[in-house]
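Below you'll find the structures, each written out as structure tokens.
Look at the two complexes coming up: chain A is in both, with chain B in one and chain C in the other.
Moving on to the complex of A and B:
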């Protein structure tokens, strides 16, 4: 059964005076993968960054509407540290911190104040196993994360997000900086991850959306055009705009 | 066809001139370093470091007091200058990056980097030495700190700006508060650059004479009390080089040798660290 984890209600977003997102309504289902597709510049990244309030880092950004999560509106939450430990994020390019692999993965736990060494070790191992990286790094946990390959770095970053056991992980084009082999490893990983968490992924690549997601949202110029089960959206779109986009007949 | 020949000719002339200018600069640099090294090296011996100056005209003295004084002044200056420089640079690159005020501070620091250091000397003379009524090592250290701060501030700002924003955002996305993002991620990423900035800042003030002439001045006696006038290598070199005694000239060469070698090593270490930092990924 599909259980709603997050519910976006009438979301508008502004960079200063410029409105980027318009009246978006969307449910994100628990333990499912939801893909966001749409032409570049349509507001996918902007949308994704509302969920963990990333826009708060910069001045003059404004949200309107609600993102309901466990009965609370994320857009009004005060404790961003707690929120961000529940809602993880993985960026386009790998973002390893200049420290060891172990310290990278343990970073979120330390932020949460976990002191118990044994518990940290267990969680780090579990996260690395979850990110399909354990076998490759178990003998060099204390060497610099920067020495890993790009694909390994990206999986380590996923492990870092997993270590705090988030309810959802937001991915912003996580494979666009990787080669095809590293990409297919990440895609395989994504398919397994939804057993333990929920995934919201932006992708510029429609084949990828079709391969990894259960639901797909098509966004165009800041409007949600269509939200549907992935299979239906790609085989039988309701909107003409969607059809034109997925068949590559655009503009 | 003719245009091409003309262009090639101009190119050759420009190349020739710039090579000539480079050699001219290099010649004097090498000339200075070689003469300091050759004249200074022969004057190096143990008593240079372990004996205080002999009375004028007598031989066999050393510059222990000046080495110790220079050390104390430089350390006190670093204790003031490094934290302020790093914190100021951090403010400019991080917390205050969107303020117009920060751009202004940054521009002023740029100007201060090229401020003649004698101006700093007279400034400290008027705000410290005059009110206190005497020269002091503290005043010297303060003057050197003022010179050190803009250098470290600007390198810190630049080095922190080189750290990609995505990396900070990744730490924020895990729930880190800003000060932890800076401490754990930004400083670590920029560590080599920050260290180099500090090295170069310290190396720069270690060679200053003018700001010390009006502040710590000089002291013929050994002292570790920065509240008195204090001897330093640079001022001692200045006085001994001007003095009439052969022995003084010898000591001045020896002290110059030590300074040149120290600064050379610091700068090479700095360059080396920076290069390694940037050749890696």
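Moving on to the complex of A and C:
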């Protein structure tokens, strides 16, 4: 029933000499939402950025272990461009590129060298519908993306990720820069998205994790403490650390 | 106690207001004085004729500014032609490619170019660059471009090394530090999340630079380029040695010419008639107007850019 999409095996990660992640083992299930929770600085962002090898952008970063994806170890993959077109990412703050809404959403297709105008238009529309933004922007597709509100920008960025039909989208606290109304729209959207893709989301907001996710992983000081179905983890945690964290009794 | 504070406040306010009033008055006064001093020439030659006539003949008391204006504009265009791509290249290299440890050295050495006095650039142009241009580069350019019909006019004539091309090159080196450092600052202002976002979609380094970093910096860059243009327009010493002082318009880039600033520097001392002096003031007025106009546009764009970035 739960089909494994990605399998993390004994993952360690180092910024230079400093080890941040320790021996993490975790399965990510297809068409499910997995939330990563844990106190600030525990390594959630660092972990998330292993999946699309973002750490390769900077020097002296080192991975050990495996993230298995379609029989291959992501950490050993040579073609990062191909990898990143299969694994999308959405950041804390909206990151609209300085171009029109249409060009933003079509950007990934352009990078892939898709030339067929009709196909691009169809994909852009489909992605915007998928990101629950189509009705708001269909009359101004060619105006600058920077003119949208923060919440709309974030949904456009999600549409941009969706347009290349990725196998998984990584979200790093996607609502932390948004107001409550924009946040609830994104949460609603997240619940629908897992029908078409897989979601791995970092959040420091436990209510959000409880609301949107099927599975939750609790990370503490770079160690995976507990990984469980969200409902079980929040109602009946196995580990004392987890219980202390979710009940807010953390010292 | 309270009274003293109020007094100090007032005094400070008065001083700052005074300072700004004085600054503004000086600018206005310069405009007015230049305008008054050129009045003779304006009446005599009109606006249109002065700007478009290239006859500059002190003997016949006929003065047309076209050759000086042409030289000013051409040297500036040549300077920008070389300086803009070079500066962008430098900024891309410093911010995106070179290892962190070398970044400081590169930035610093480019900025060092800005500290060299312009007279030194002029001397370098005359003694080092001009002979190289005359003996090697210009003959090579002629071999390359003379056979091409459309480009022939740009490279006709005997290479002397004292010409528009050499002047434009000297100017370009002078303005590179301005454009390069403004470009570098703007590239670095592009929030990291934005370039990372593009990388995360599978963009290559070049695509990130082209699609995200450059467009993000567009407005600031434009402002920097316009400020550099203002400098190139008014530069005197660096080009006085390497342009010749030739009041006729040649389309060829390897012919001598003159600029407004060079004409002013060379000819005030020998201006023997009121009309001659007035014509020189007229040229000065045109130069001030050009620079003022460009700078206003730059300010406007930069302001708009700042708003954009939020």
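Keep this in mind: the second predicted complex is superposed on the first by the 251 of 251 C-alpha atoms of A that agree within 3 Å, B and C clash if a C-alpha of one lies under 4 Å from a C-alpha of the other, contacts with A are read in each partner's own complex, and residues count from 1 in each chain.
FYI, contacts are C-beta pairs under 8 Å (C-beta built on N, C-alpha and C of every residue); 3 or more make two chains touch, one makes a residue touch a chain.
None of these values were measured; they are calculated from a predicted model.
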Superposed partners chain B and chain C on chain A - clash or fit: clash
First, second, both or neither for A:141, with chain B first and chain C second: neither
Touched partner set for A:85, first chain B, second chain C, both or neither: both
Which of chain B and chain C A:224 touches, first, second, both or neither: neither
First (chain B), second (chain C), both or neither touched by A:36: neither
Footprint overlap on chain A, comparing chain B with chain C: 52, 54, 57, 59, 80-85, 88-89, 91-93, 95, 97-99, 107-108, 111-112, 146, 157, 160-161, 164
Interface residues, chain A side, partner chain B - complex: 52, 54, 57, 59, 80-85, 88-89, 91-93, 95, 97-99, 107-108, 111-112, 146, 157, 160-161, 164
Footprint of chain C on chain A - complex, ascending: 52, 54, 57, 59, 80-85, 88-89, 91-93, 95, 97-99, 107-108, 111-112, 146, 157, 160-161, 164
In the complex with chain A, residue positions of chain C that touch it: 100, 191, 193-194, 196-204, 207, 211-212, 215-216, 218, 308
Touching residues (chain side chain B, partner chain A) in the complex: 98, 166-167, 169-177, 180, 184-185, 188-189, 191, 280-281
